[in-house]
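Data block below; observations after.
Should a chain be cited, it is by its letter among A, B and C, assigned in written order, with residues numbered from 1 in that chain.
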């Protein structure tokens, strides 16, 4: 039972990862791309690693993976925010409807 | 269950290749930087899965160090561009 | 040794290396090189060379990128050639 739950979590996490990568390609502008990857990656990551925790059960490996998940949930948005802040101050203006792809 | 990990590692490597297109063709430095950050996040999961396939728990320490390093290098580049000097 | 994983990652590194040379701005080259050494660490750990992967991850992606950035901060982003 636990394995099927882990499988479901891993598949959902994989789906978010793929969607994040496709969003990185298709979106026309820098801000929309960050919009896609910043969130999808953190969530996909958390789900896949949580699936692996369910698969592993209660031992040292799960504790390490839990620490990794918490660490990534804190640092990944922070890094994306740092990039956004720098890009905005460097004058990367957002894309408006009708503009060509940047 | 193990072949599920094999399949997801292969799929994740394909998504890393999709991000590679943005790294190579990205118009400005910011597109490249966000693509490299995405690749770093994806390779952390690849590392954990490969560690699981080989049943070697040491891979988790690598992926934790990897997550920290990826965060630090992104912040270093952002700090350089924001302040003009890193140190 | 999942050989298709190896093959894909090595192909990735070839593209990164070629891109790092052809790009003109040095900051772009540094960003691509940090991706290059990120994937190098995965290849080392995938080949069961665990301590080498640790070193590569710590040195390659971390310190090398920061040192390149410090060098660029001192000199300039436009390469003279």
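Operating definition for what follows: contacts are C-beta pairs under 8 Å (C-beta built on N, C-alpha and C of every residue); 3 or more make two chains touch, one makes a residue touch a chain.
Predicted, not measured: the structure shown is a model, and the values here were computed from it.
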Farthest chain (mean CA position) relative to chain C: A
Per-chain Cα centre nearest the global Cα centre, belonging to chain: B
Rounded Å distance between chain A and chain C, as computed from the means of their C-alpha atoms: 22
Centroid distance [mean C-alpha coordinates] between chain C and chain B, Å: 11
Junction residues of chain B, two or more chains touched: 16, 33, 35, 61, 70, 81
Chain C residues touching chain B - in the complex, by the definition given at the top: 2, 4-5, 8-9, 12, 15-16, 19, 25, 27-28, 30-32, 34-35, 38-39, 41-42, 45-46, 48, 50, 53-54, 57-58, 61-62, 65-66, 69-70, 72-74
Touching residues on chain B, where the partner in the complex is chain A: 1, 4, 8, 11-12, 15-16, 18-19, 21-22, 27-28, 30-31, 33-35, 37-38, 41-42, 44-45, 48-49, 52, 57, 60-61, 63-64, 67-68, 70-71, 74-75, 78-79, 81-82
Of all residues in chain A, those that touch chain B in their complex: 3, 6-7, 10, 13-14, 17-18, 20-22, 24-25, 30, 33-34, 37-38, 41-42, 44-45, 48-49, 52, 55-56, 60-61, 64-65, 67-68, 71-72, 75-76, 78-80, 82-83, 85-87, 89-90, 92, 102
Residues of chain B touching chain C in the complex: 6, 9-10, 13-14, 16-17, 20, 23-24, 29, 32-33, 35-36, 39-40, 43, 46-47, 50-51, 53-54, 56, 58-59, 61-62, 65-66, 69-70, 72-73, 76-77, 80-81, 84-87
